[in-house]
């Protein structure tokens, strides 16, 4: 196990810049997930870590040693590939023993160690099988065992679960996490699935268009996203365009397509001026949906409310446009003045709303995030 | 648009029976989803509908007319294939116009109609592109346009969204639904993704091992699954093995691995006898999880409780083994007497439980479903 | 096994195929009875001169080679043969004069050859006696005629013989007659332009022809295998004769000359003829009975065979060859 | 329904007729090898093994057999080496070199063998290579290499290059990873390529006709010259042997690959 | 720089480890060049240079005695070629043969490849086998096998016989070329066409043919090139002279190297033109096709 430092890492292929100025420190024994949409440079970053690509610029240090120019086969990292890249012409055991063979470990010892590693991933009985006949989950385990068998300083995982079906993927996430906790190795895990990142990671690094935008604990990135992209990427949300009407020391008042003026509690103007364009994020889980018209109190202008009771609650009236039954939850698409917002209720709490019903959506302004036109987050309260 | 009747449809390939005795009526303008795991015979059923396979037995009627022996090219159904099967050597427009060409529509008219259809799926500007250069979502749209261009009586869709990534898939689901509502065509849509089926379908038909097990509205199949397979397939749940201890007119009392005797309210014995093996399904959303030991009242034997207050609540004590932060929800894996059960809380309602905390799980016995050893549902109340 | 033994035997190039088979049976066996050394028979066809030409001047691929008129001429042009030391050729006196008159034996001794003969179907009602008969009505009414195109000059000489007043081939040597001779060949109604004996037999089999120009050595003993075919040897005919040469640069000149002398021996030739129905050069040859009538046994009889003269022909080679190709191609 | 039936019947009849056209000439060849006459005749009048006996007595045919094997094996080895390396190299190529190599390799296949034969004859004459096996092997390699090369290109295009990454990642250097990972994965392609090269060499006779001498002539060259002298059933015998050997090799290949499979299944 | 840290590399014998480190540190194309070097060298030595020599000889003065006058420059050989009616007629016949055989072999090859593609199990193996088997017997002998077959069938040797025999020579290659492309095409696309109303023959024509156009082009080019240069079949089965037969005569009987070389050069020029035309015409009906 090792700590890793990436410093200003950059990779260009001709015109395209796959990875741009990525710097991060990864601690010994940490499990870092690189999360990002397709093409955001996750794999490229990982491959530079593995030594399979040479960075155009920047440096990689393992345990303080600069390994930027070491080829893959001289670097003690080990990769689990997306489609596992098992050697089809070798048995499962030979696959797992391959790295040891390349390290000139004597036959007997390497068979033993490979077998032990297979047991570790619960594949002990499959040593003589042809890897092509295994199921996805089994292949995944073998690939993991193969990479772990060489006792790598760092284990790199490039979406190893993305080819599994949902059920299996979730089980394997738990299992991977257990193996990590057990070995106390440094893992860098690449995925484009936010659920997977949340389930697995100690820290999540979010990439977009080659840049590493934010690195942090799961709840930190979810609750304090650095920009609009992350907010949209990490879960379903309603983005609502807004224009700043005015600010005072206690709140920002905005006009939106949802009709009523809305209130965003704040501890200052934070550089906002009236007329500024914002995007608000209203996550469906912060919205409560109820039959009927809103109270007069709630629809009073935000200003009035704030003045009268210091309330930061917002409420708007709308009509259910669409009900999507999703098993454990029901999703309501609500039309408000032509705009559409969706809210979710878990089944347990669901009355029986149906399309056409008049409803009120209510939420606490404190729960709303705001972003500037360039995507950057507006922090409405001093940290 | 047309209504469809399948009668005792069966398809055998040598020894394997791909589809067995499938009968269903599909209404004019309905969107039916065939949902089932891989290999359950969904595609085979759809292909028989399209005329691409000849049924071994049974009959297919379109608008009352028997079309069982009509080849695909004489049948006015149209299929969107899983991998879209676009003609790689034709332009997008030529692809869409192909069906019209086969129907000898003059060149000008067919270009016009194809272009119109492309506009309909928001691909108007791509007519001259090479379809192989398009993204998955674009290909999907072109395939849809191509199938719709011939004005089919029935549109058949064989997992057309399964090759798209999650975000795009969800958008396309909504879009597909809108197109359906707009055209009022009959759609038969095959998928193995229950979310997709719930989002799209008017009715869902669930297939397993070649059989069509249940057809019904989304909430009907979710809340009233016909057997254990469906209950497990439609969402995450905890299956708990149970043995009937005794029954009376008001409840069935069962022993489970969760320790305490549990109570299943019922309006009769429904053929259950003491000693019968059951499987109970406890969906995570019916479980409420709270810190601390349960009340004495709740842990009293079910019998006592039922006698004392007629309560159908069950409660068990456990320890949080694992907390998985999933953005909008938090999932707790709870150990109870060595067994493991998971419960879910939406973020909003979450206190801050962490691994090791002692908790109480509580649920209403009314919400629990029970299945016999052969998988069939025990209806605990007369319908 | 002696063929594989390689190395120490004299290397002798002969015509491939049927000729070589009979050479091994009829001649090589005799040599081996009389001598300790083996003969290593090489088989070649149109690449013989090429092989000598392309080998280093002091390391030829074989020591002795057979050379028919055309090869003998071109071989000498390129100095591919060694002059023969006539003192080593004890049998030279017995060679019929005609054979040494037509070609200077300085570089090669005339040994064996064959006249052209006319093959025809017995029941086809053609019965040609002379080459002139090929231009007759009987042949014109038959299925067709087959001739050799590989060695087109033989049918040409045959046609010339058919035209010539005195029954000799003199007309060939006047360039002005060439067109007429070619027309004569064309008038035969050639349906099979054969490049091998097999082609001729096939053409008879397929009933595309009833009459053919071919070579006595491939006909006399083989015709019995062919049902319903016979052959007639015209009084005046053309034909080929091999001169055997010592190959340029060989270090076994003496042995090679001994071998060539052996080939000239009357007894050797008589025995050889039993296996191969060829015409031989020794005036004391004794042919098997069935050949005696057809083949020349005296110098005088030999003069009835018009052997092509390459000193003349080489100048017209290109034109005539092309004319034949044209005729063949347009048939 | 009716139209479909007609179509189906016509389709089947079509390909069965073609199947017959492909196979019958070979059956004729085999049948004629058992005649005892001096000339090929079909159907053979009497069945006998005369010509088989003759074959084993015939030094020239046995020599030609040896020549064909030497030339075939040499061609297969050389073409496979060049083709496999070249196609493998092409995979790393990010310059425009590849766009020159592919046509350069392909073009000889499109040039009539007579022209190639002539050209190489003139060339080898200058270089003194004429008459050796090497000259024929080089000529045949000119034809065999494109086949190996294009087979390997398509094999490599299907090869999962991530395996090479995986091998590097696990500590295998360039040579080791080629030997341990790439080669075993493409061995069927290499085998097919080598087999094709061998077959091409076994078949080819126009270039061989130009370039061989009496000591290096291959089976087709000998068959050609022999057949023009006398069409005896010997050539049928040789063909039958070739067919049998090829069938044997094919069966062996099938068994060999299957054995591997079977043993994997058993263990 | 990698040697020092690598334990396994230093254990290797020197030359291998040298190559190893060379390969490892080369950029992609250097590595590619290293691997392709033998192939390129071979093609240069055995193909490009000999053709340069051929070209050179075609410009040498013919000689009536030897093969040619070394070191001379002359256009005489080309004059001979262009002046000869016979040569043009021979070339005409060769091209005629090439075109007829190509058309037949592509049409039949397409049909047969489709039959193989659509069949399965034993039938598929048998059909494939029937294509491979003729490749395993000697061409010369296969050609001869036609004689006993053609004559009873009423096909006296002649151009028709040559066409059939030559077809038999090239058809297996045509089938394999087309089949290898067809095997990688997606059957679903044909189903999609039928689903959209294309009858079975129409679906093949509309969807399969354009997709296998690369295979068809290869089949056409190979059939054409080999049939135009046909030697054995015409020599054995007809009286007609093809280019190959004629040029062989020029070389080995007439020994006029310059004429043979000039004729070959002219022939290559004509063939390139035809092949380019095949590419051009067929590409119009198919998708993009690259040589590589």
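Order as written gives the chain letters A, B, C, D and E; numbering starts at 1 within each chain.
One rule holds in what follows: a residue touches a chain if its C-beta (ideal position, glycine included) is under 8 Å from a C-beta of that chain, and two chains touch if they have at least 3 such contacts.
Nothing here was measured: the structure is a model prediction, and the numbers come from that model.
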Report task. Looking only at C-beta pairs in contact, point me to the busier pair out of D-E and C-D. Result -> D-E
Report summary line: Note, CA centroid farthest from subunit A's centroid sits on chain C
Query raised in the report: When the C-alpha atoms of subunit A and subunit D are each averaged to a single point, how far apart are the two points in Å?
Result: 56
Report summary line: CA centroids of subunit B and subunit C: separation to the nearest Å works out as 92
Requested in this report: Just give me the whole-number Å value for how far the CA centre of subunit C lies from that of subunit D.
Outcome: 39
**Report entry** Per-residue overlap in subunit E, given as positions that touch at least 2 other chains
**Finding:** 6, 8-9, 24, 200
**Report entry** Two or more partner chains touched - positions in subunit C
**Finding:** 47, 195, 202
Report summary line: So subunit B residues touching two or more other chains come to 71
Report task. Name, in rising order, each residue of subunit D that touches subunit C in their complex. Result -> 38-39, 59-60, 63, 125, 128, 130-131, 213-215, 225-231
Query raised in the report: Any idea which subunit E residues touch subunit B in the complex?
Result: 186, 188-189, 191-200, 202-203, 206-207, 210-211, 213, 286-287
Report task. Spell out the residues on subunit D that touch subunit E in their complex, using ranges where they run on. Result -> 4, 7, 11, 14-15, 18-19, 21-26, 28-29, 32, 40-42, 81-83, 85-86, 88-95, 97-99, 101-115, 118-123, 126, 138-139, 141-142, 145, 149, 153-154, 171, 173-176, 199, 202-206, 210, 219-220, 223-224, 227, 231, 235-236, 238-239, 242-243, 246-247, 250
**Report entry** subunit A-touching residues of subunit D, taken from the complex the two chains share
**Finding:** 160, 162-163, 165-173, 176-177, 180-181, 184-185, 187, 264, 267
Report summary line: Counting only contacts in the complex, subunit E reaches subunit D at residues 6, 8-9, 12, 16, 19-20, 23-24, 28-29, 31-36, 38-40, 42-43, 46-51, 53-54, 57, 108, 111-112, 115, 126-127, 130-142, 144-146, 148-149, 168, 171-172, 180, 200-201, 221-222, 225-226, 228-229, 231-232, 243-244, 247-248, 251, 257, 260-261, 264, 267-268, 271, 275, 291-292
